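These notes are about the structure you will find just below.
Should a chain be cited, it is by its letter among A, B, C and D, assigned in written order, with residues numbered from 1 in that chain.
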Amino acid sequence: MTSIDIDALKNIFGHLKRIMDENREMLIELDSVMGDGDLGITMQKAFTAAHTEVQGFTGKESGQLLLKAGMKIAQAAPSTMGTLVAMGFMKGGKSILKTEEISLSELSVFFRAFANGIMDAGKTKPGNKTIIDALDPAAKALEEASVEGKNVADGIQMAYTAAREGVENTKSMKAQHGRAAYYQEKSIGVTDAGATVAALILKGFYLGVRE
Amino acid sequence: MTSIDIDALKNIFGHLKRIMDENREMLIELDSVMGDGDLGITMQKAFTAAHTEVQGFTGKESGQLLLKAGMKIAQAAPSTMGTLVAMGFMKGGKSILKTEEISLSELSVFFRAFANGIMDAGKTKPGNKTIIDALDPAAKALEEASVEGKNVADGIQMAYTAAREGVENTKSMKAQHGRAAYYQEKSIGVTDAGATVAALILKGFYLGVRE
Amino acid sequence: MKKIMNKAEDFVDEMIEGILAANPGELATVADDLRCVVNKNKMAGKVGIATGGGSGHLPLFLGYVGDGMLDGCSVGGVFQSPSSVQMLEVTKAIDQGAGVLYIYGNYGGDILNFDMAAEMADVEGIRVEQVVAGEDVASGPKGEESKRRGVAGIFYVYKIAGAKAAELATLDEVKRVAAKAAANVRTMGVALSPCIVPEVGKPSFTLNEDEMEIGMGIHGEPGIRRGKLKPADGIVDEMLIPILDDLPYVRGDEVSVLINGLGATPKEELYIMYRWVGQVLAEKGIKVFKVYIGEFATSMEMAGASISLIKLDDELRDLLSKPAHTPFFEQKQL
Amino acid sequence: MKKIMNKAEDFVDEMIEGILAANPGELATVADDLRCVVNKNKMAGKVGIATGGGSGHLPLFLGYVGDGMLDGCSVGGVFQSPSSVQMLEVTKAIDQGAGVLYIYGNYGGDILNFDMAAEMADVEGIRVEQVVAGEDVASGPKGEESKRRGVAGIFYVYKIAGAKAAELATLDEVKRVAAKAAANVRTMGVALSPCIVPEVGKPSFTLNEDEMEIGMGIHGEPGIRRGKLKPADGIVDEMLIPILDDLPYVRGDEVSVLINGLGATPKEELYIMYRWVGQVLAEKGIKVFKVYIGEFATSMEMAGASISLIKLDDELRDLLSKPAHTPFFEQKQL
């Protein structure tokens, strides 16, 4: 696979829905440690809705599909993470709006815009124990892979690996945003739930592209 | 003395001032049983001010003098009793406004208007353990004396006696107005402070006329 | 006692100083007495309307001094009547030869002093008429209306009389519409917590954490019934039904509704109350012309609320619709 | 918890139902969503102004939807941001081709959702600009202004932007004056008692009987200092001095002052506060153009108050003076 077309994207959203279904309880548990525990529920809602939206998409532009998915997520899951992820898909989709088949370089543009969009909206940066700490390394990995002329499958695998490492790294960070911020020092040692969601999103892309 | 002229009235107000001075502590004590204890203070203020006002009066009409005394009392003592007594003097003064020398029949008109003015203003009637329970018998006594053709001195003596009896009778009454009303049943057995003031006012007239 | 104040004995005077300072173009005092407040803006030949009463009820009483409402107000201590001489001073200041109407609440001390002031005004050659508002159905049964206290519904009497006076109507005419407004308004309230008179320093009564008192007066006068706090709709029913039955307000009537907060109760809760009031009135076929919601007659930091209804005819609706402007109340033509 | 409400989970929806029922001619909802409120009265070609935020702050936020102020408001749960989709629906409903300005307070959830809504509006082809109000000097030191929370002073931003939009100014022009107003306003508050979020059922913090917290936020965010309750003038000093020093407001400046009650604090106390504010400003040679006193941004039944100052130039004074009419705020031309 040298690029991701509309059908491949629809397949990716099928994986994303299934992954969020399967990880519902895990996310609830993670978010319960220092949040309100809603994350599993909202992510399931978000990607179920996105999946349905995407399957009904009749256009040709992949960027447009990703934008639409973002808008649907915003509507279905108006929580912090729901809105941030929606913002990511929208900003990412807009960045490659007219693209029909997504090359690795376009995928890296998409995830960079995805991550930056969330950083802008969340007024955050890497190191604050958020979704960004998985997303930013993933976007960086895609950028490197693209410069190095890797293929899409290899690129996305490197990004997924980077995201999982990013999740691990959040353990040593101190939360600065949301409910978790109230715990400050106590948040050290705990994995960030939002970063985990980012890794799951990369996983969906990885599995979809691999097929 | 067959009638009360301006000088006699001024003399009466001298007695009233002295009487209220002398009875200050007694009235405070009486009002403290079931009221706020201000009565001795306000009545002293009221009649000190009225006395000064009256001494400076240069007109010829006794009714006008009594009206002016009432207005002064209202200003000097804006408590319940101060206002009621002021109203009595004003309504009484108005009822004989142009009178220069007060005959017994005019005195009875004065006290009837005095009592009725207070009943109207206080929305009360005899039997409610108020100043009226001394004033109304006094006014009635004056009316009878006037019908019977008594002289001023005899008439006012009968009125003073009736007022004192009225004060005694308040002991068996249940308070319906003001702070004392909160005590209801408990107010039985206690002399009404306002009625005591009425008797002192009659005493002032009695002493002034007797001279 | 948690109050933002300096010395308790300065509470009322400093409050008035603040009101005057905040509205320098609108309000003035007369007779060198801070407690005698009048509208600076005079309309020549107009009947003067004066009110007065104890402090602690803002915007009642002096908050309604302004264009299209009242011309003057005498201000008493917290929950205490002003003196008759203060009332007289206000009367003298606002009389423009057309006479003065007193509108005030049915409380012993106020009646006494206003009667006295009227008596003194008469001596001064000023014609005075009076309308006493007593519309709290909880404070006297039908047949004993004269016992009823004046509470938030007095707002309607002010508004309607003020609009009539602004038309340069005669004293008799202004009195007539004021009396008509007073006759057509009914109120009932509920208290959830007490308030504290600054100079006293402690509440005059207590209510348990789960209790309310239906029919309590704005000075904490005992109500009809103390009971468990109910849901909003149930509380509304306890107030609205006695109001409706009293006048009575019946199918086809047109009313204005006033939901008044006593002080600590948030506007959110007043609107939750109105939601149910509106539904009940709609169901009973009573038409609502205009709704007022907010704080119109308070008891400082007391929690609770009252509901007032006024039945309107063409004349009252028209007068209620007229614009008004005071430092505490602003209405454009409805 | 003593609240006049039905079920806690219905608190916000029933409140909105009450507000809509009380103002049938003025407010409407869009997208079949009670939480998306717009002004019924549209002025053709006008820039739309939208706000939004959590419930529990009436008249903030939806109380300022009306003529000469805001066109629409998305309403969140108590102390919770509305969703971006609700904001988008309001945006779509109020856009008349001239674009839409978002004005809201500086809170993470609101920013996130308004940014998202702006993104979605862009997809819909609607031009959106944003002005975020953050004027609480207690919530961020000088130099870290971007941390400051938006509190009662946002009223001035609404009023001034609304007046400009009513002149049919362009989106850029409306944004410019809104930003100018926001840059010139400063607020500080004091809390005396907590409030209770209905669905939570208990206060989020406690204050002792003799304590106050200077600088506390309208959701109970920690302030600068907790200490013994002071006399009113001392409390005012603790708020006013940091405000004056911050912009700074200096001799010769002209300002408008807003004394805002947080909910349970009676108007009497707000005026006692203003008495001292007025004296301090007079002494410092700062001229007061117009004083607003009352409840403009509350925290339900929280006791306390805030002081806001806005420095005026000719343009801001002129816009502040323009008439406005909403169900919660009425002003005639000053």
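As a convention for this text, a contact is a pair of C-beta atoms (placed from the backbone, for glycine too) under 8 Å apart; a residue touches a chain by one contact, two chains touch by 3 or more.
Quantities reported herein were computed from a predicted structural model and do not represent experimental measurements.
Once chain C is excluded, the chains joined through touch sort into A, D | B. Looking at the partners of chain B and chain D together, the chains they share are C. Ranked by how far their CA centres sit from the centre of chain B, the chains are topped by A. In this assembly, the C-alpha centroid of chain A lies 92 Å from the C-alpha centroid of chain B. For the pair chain A and chain D, the distance between C-alpha centroids works out to 35 Å. Taking the mean of the C-alpha atoms as each chain's centre, chain A and chain C sit 60 Å apart.
Contact annotation for chain pairs lists A-D, B-C, C-D, with touch applied as defined.
Every residue of chain A that touches chain D in the complex is listed here, in rising order: 67, 71, 74-75, 78, 80, 83-84, 86-87, 90-91, 94, 117, 120-123, 177-178. On the chain D side of its complex with chain A, the touching residues are 83-86, 108-109, 111-113, 115-116, 119-120, 123. In the complex of the two chains, the chain C residues touching chain D come out as 2-7, 11, 14-19, 21-23, 55-56, 58-59, 63, 190, 192-193, 209, 212, 229, 231-233, 235, 263-275, 278-279, 291, 293, 295, 298, 300-301, 303, 305, 325, 328, 330-332.
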